[in-house]
Amino acid sequence: MSATAHRVTAPFGTRPVPVTSRQHHGPYVVLACADTAGPRPAAGQFYMLMGTRWGGGEDERPFLPRAFSVLRAPAGTSELQFLVEDVGPGTNRLSELAPGDELSLLGPLGLGYGGPREGRRALLVGGGVGIAPLAIWQDQLEGEVGVVLGFRDCNHAAGAALLGNARVATDDGSIGHHGLVTELLEDELDIDTHAEVYACGPPAMLEAVRLLCAVREIPAQLALESGMACGFGACFGCVVPTKSGYIRLCVDGPVLDARSVDTVVFAGGGH
Amino acid sequence: MSVEFCGIELAHPIINASGTFDAIAARRVFADQLDEQFPFAAFVSKTVTLAPRQGNPPPRLWELAGGMMNSIGLPNKGLHGYLAHDLPELAALPVPLIVNVMGFNRDEVAQLVRAFAEHEAVAALELNVSCPNVETGLVMGADPREVVRLLDAIRPLTDKPLIVKLTPNASDVPAVARAAEQAGASALSLINTIRGMALHPRTGAPWLGGHSGGVSGPAVRAVALAQVSAVCDAVQIPVIGMGGVATGRHAHELMAVGASLVAVGTESFRNPAAGERIAAELELQSPNTRIPVRGNLG
Amino acid sequence: MSVEFCGIELAHPIINASGTFDAIAARRVFADQLDEQFPFAAFVSKTVTLAPRQGNPPPRLWELAGGMMNSIGLPNKGLHGYLAHDLPELAALPVPLIVNVMGFNRDEVAQLVRAFAEHEAVAALELNVSCPNVETGLVMGADPREVVRLLDAIRPLTDKPLIVKLTPNASDVPAVARAAEQAGASALSLINTIRGMALHPRTGAPWLGGHSGGVSGPAVRAVALAQVSAVCDAVQIPVIGMGGVATGRHAHELMAVGASLVAVGTESFRNPAAGERIAAELELQSPNTRIPVRGNLG
Amino acid sequence: MSATAHRVTAPFGTRPVPVTSRQHHGPYVVLACADTAGPRPAAGQFYMLMGTRWGGGEDERPFLPRAFSVLRAPAGTSELQFLVEDVGPGTNRLSELAPGDELSLLGPLGLGYGGPREGRRALLVGGGVGIAPLAIWQDQLEGEVGVVLGFRDCNHAAGAALLGNARVATDDGSIGHHGLVTELLEDELDIDTHAEVYACGPPAMLEAVRLLCAVREIPAQLALESGMACGFGACFGCVVPTKSGYIRLCVDGPVLDARSVDTVVFAGGGH
């Protein structure tokens, strides 16, 4: 990652935090909690989350904690927000949590985004639940920021309200631009090439962003996903292939410089 | 609860299981708090091989009922990378260092043992014998004769304690344990992971990049307890029990059947400070429960 | 989804695992509904031994992460009790009957096989070889030579299909499988339970009356899949896969690695009608998932 | 069991039923559900219960269903009531269920109580959560019935309200008779020997009842407990030792004639 990539170190050990609110945005749930014992995270960092009613779901899972980018960490508060899409037993349990419930949390973890280099305009590109780390990043960035977001449909596009001034694309055209978010990205880059791209989303989207930026020689920072057991470098399970071999995404990512990888589409990565 | 194990002083009986805690990465994540609150009484490194290994292709993880399966594939910097980069950092940990090594034949193991024999920072060596000997095709740790041949070759190379880590995937684990004891092992540790497999939910192809993997966590705890119990009944040397330990009671149970130390693996993934909690819980275990009676603290 | 297995017509590929469903007791509990909605395509009896056995003292059950452990100890009425009381009732079930037998030496097994050979109601025999041969001390099913000796003695005694039920507690299960195939087994079934142990939470003494027990249920599913896959790769005869199956997808996965039939055990304890649901779910499995390619339906 | 022991057969397979109410009685929870598909059970029969959020508790349990005597099954309704004491991960999960939640249920199972023989007076003797099968039995019995119940303390004795006209004993004397429930039983038997005793409770209490009735030659029907995996005779796990060898408590019990056993205190039985 670039020299500017940011890591806030974490308190050692998981800590229980109270859930303070749960809000629905289309199919997504925004879960807020009060993390009085932890530091304010950097944008792009993530936490490992676990509910107190873990286990007993599909195939008797979940057992391990689950990784979530921090969606928002309002300065001057102890609040942490996460964006959860129910895709399996872990996210299912987390989506059910309500104010008063307890959440077990480890973090902040990983390397976050680095600031735009050489006075470039920040351009945030998100797909689906991948918009999460872009919200906190928009909160922290100064000056005008471009935001283009892609969703499956109008229902999912409800998530766009979590960022400011977002241009939206949907696969089915039910709202915003009918097509791919990378088409909106091309638009933005046509207007201003002096940009640094910050992307998070499904592998196919990230790969399109990577290619597009590679061709136009635009620096891009990609927040990837991979299956994780621990989140703090202990299990060696979360590796992704890079030009310098496998790296553990939890400690050497999740934000990677687009130029460090040959592709972001690989077995076991992403959703 | 301080204990002595093979001549090594330990603050308590809880250590980490090899390959389930990377103290160097954890220092980057938790900064000084890691050393200040180091959760284990000794640190066991992930397996070191002679040559560097990048490990298996992802996916490397699978979650299952009460546990997980991994096919990490022993990624490591190789002996020289470890000596140059990792050993100095690990030597600075607040606890004794145990280095876990594996070779694909006896000569490789011998080279590894010889290399670590001279390093003061290394308190003991753990031999991972859960791999096939590429010369004989036999899993070294599943066959008593293979284990004897291995120890005959390497026992003379060092005075450091040699811990043989047994595989659970064997018909007669106590027989392997007895063979290791007779051939000069200082201690035994078990269980390593149990061989398993999972298929991709959509494609039906093997999920793990390494095709099959090793099961760990609470799902294997009853199997671990049975094997640790049988091995402790079969040998006099100290035994490090592990497999699915998540609470002080679980640790206590392994000690009740004869283990001298207990290693925590998968539970650290759920909480890096689990070792600390387990050690504290262990200390509170009711004396009603049968306590170790074997004078086997080495 | 009707299938043929060793010449037996079955309505679907889901049967029960031996010892996990007592059709006679279930008739008392569920009356006519049992026969009307019989959940399995064939019924496998609990292991029958030559002499009656009362089984192990309680407690016989232990619950664990994603499964359970039992030390039932094979209680049964013995060969003559079974022939007199159970066989007539089981012969009236709406599905074919497979009788599971176990002997403590070759001669006992031979007597059992001979006795059932002449009974028309018995469609096939399953040999439980997960027990020590009291003469050699070796677990018959853990040693290829023991299995060959056993089959050499009993294969000539009957034309009925002989299914050898393998133990998972062996270093090289495929080797045992190959030996059984070569010695004339008609089919194989696996896995039996995995050896485990638990301690009384308060006293620390072994919880199970039988001291150690066998682990089953979802906790063993990944281990079962790995062993079934390895065995299917090693033999041509049909294989009955089992271990932790709770859904049609689980059954489908065992068939994807080569099993011809799938047996449901522990899941029936959570719901006696589980077999019916699993068979229905199996039928709905997406054809995307790799389907069995082996022509091994006997 | 006596020839009068009663078994109502069960629909095949578990069925989901809605929880309709949850009420607290001291440390006990009365859980009611609407079992429209099942028959009315006999007193002393039990059901295997499982919540939809099963698993993930202590030691990653519960996994198997749990056995519960039916507390009450009001005639002419589809309601079933169960009395739950939170003693571990299974009862813990069940105690948390609230109206609207789903419960998975199998039953009725086992052999219930047989009616009093030879015009005897029914004398119900319960200890702790073991009062459950006595409530439905009291509902069904005709004529005057004696009820003596023992509890640890005043808090637990709140459960006594579930039966009519109960005499209560507590271990600590905080309410009712200070002493053992068997002392109240002796009282009752001193008044009227022509009785048939129906007992359910912890092994030590049942054993005291058994001995007392044996000495006085009073017929007694004891509802026992043992660890169960299936509840329908499939696993052979729930055996208890009787004069005729091990029997499966789930199909040949849970109600046993006191004369059929040498003792009810054995390893693995009851609480």
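As written, the chains take the letters A, B, C and D, and residue 1 is the first residue of each chain.
What we mean here is this: a residue touches a chain if its C-beta (ideal position, glycine included) is under 8 Å from a C-beta of that chain, and two chains touch if they have at least 3 such contacts.
Computed from a prediction, not measured in an experiment: that's the story for all the values here.
Across B-D and C-D, it is C-D that has more C-beta pairs touching.
Averaged C-alpha coordinates give centres for chain A and chain C that are 48 Å from one another.
The distance from the centre of chain B to the centre of chain C, each centre being the mean of the chain's C-alpha atoms, comes to 34 Å. The distance from the centre of chain C to the centre of chain D, with each centre set as the mean of the Cα atoms, comes to 35 Å. Counting partner chains per residue, chain A has residues 55, 59-60, 63 touching two or more of them. Counting partner chains per residue, chain C has residues 64-67, 217-218 touching two or more of them. Taken pairwise by the contact criterion, the protein chains are fully connected, each one touching every other.
Those residues of chain B that touch chain C in the shared complex are 62, 64-67, 69, 139, 142-143, 169-172, 194-199, 201-205, 212-213, 215, 217-223, 225-227, 229, 244, 249, 252-253, 256-257, 286, 288-291. Every residue of chain C that touches chain D in the complex is listed here, in rising order: 19-22, 24-26, 28-31, 33-34, 36-37, 46, 54-55, 57-61, 63-68, 70, 72, 75, 209, 217-218, 266, 268-273, 276.
The touching residues of chain A, when paired with chain B in their complex, are 7, 9-14, 50, 55, 59-65, 104, 106, 109, 226-230, 232-241, 245-246, 248, 251, 266-269.
Contact residues of chain B toward chain D in the complex are 65-66, 218, 246-247. On chain D, the positions that touch chain A within their shared complex are 53-57, 60, 63.
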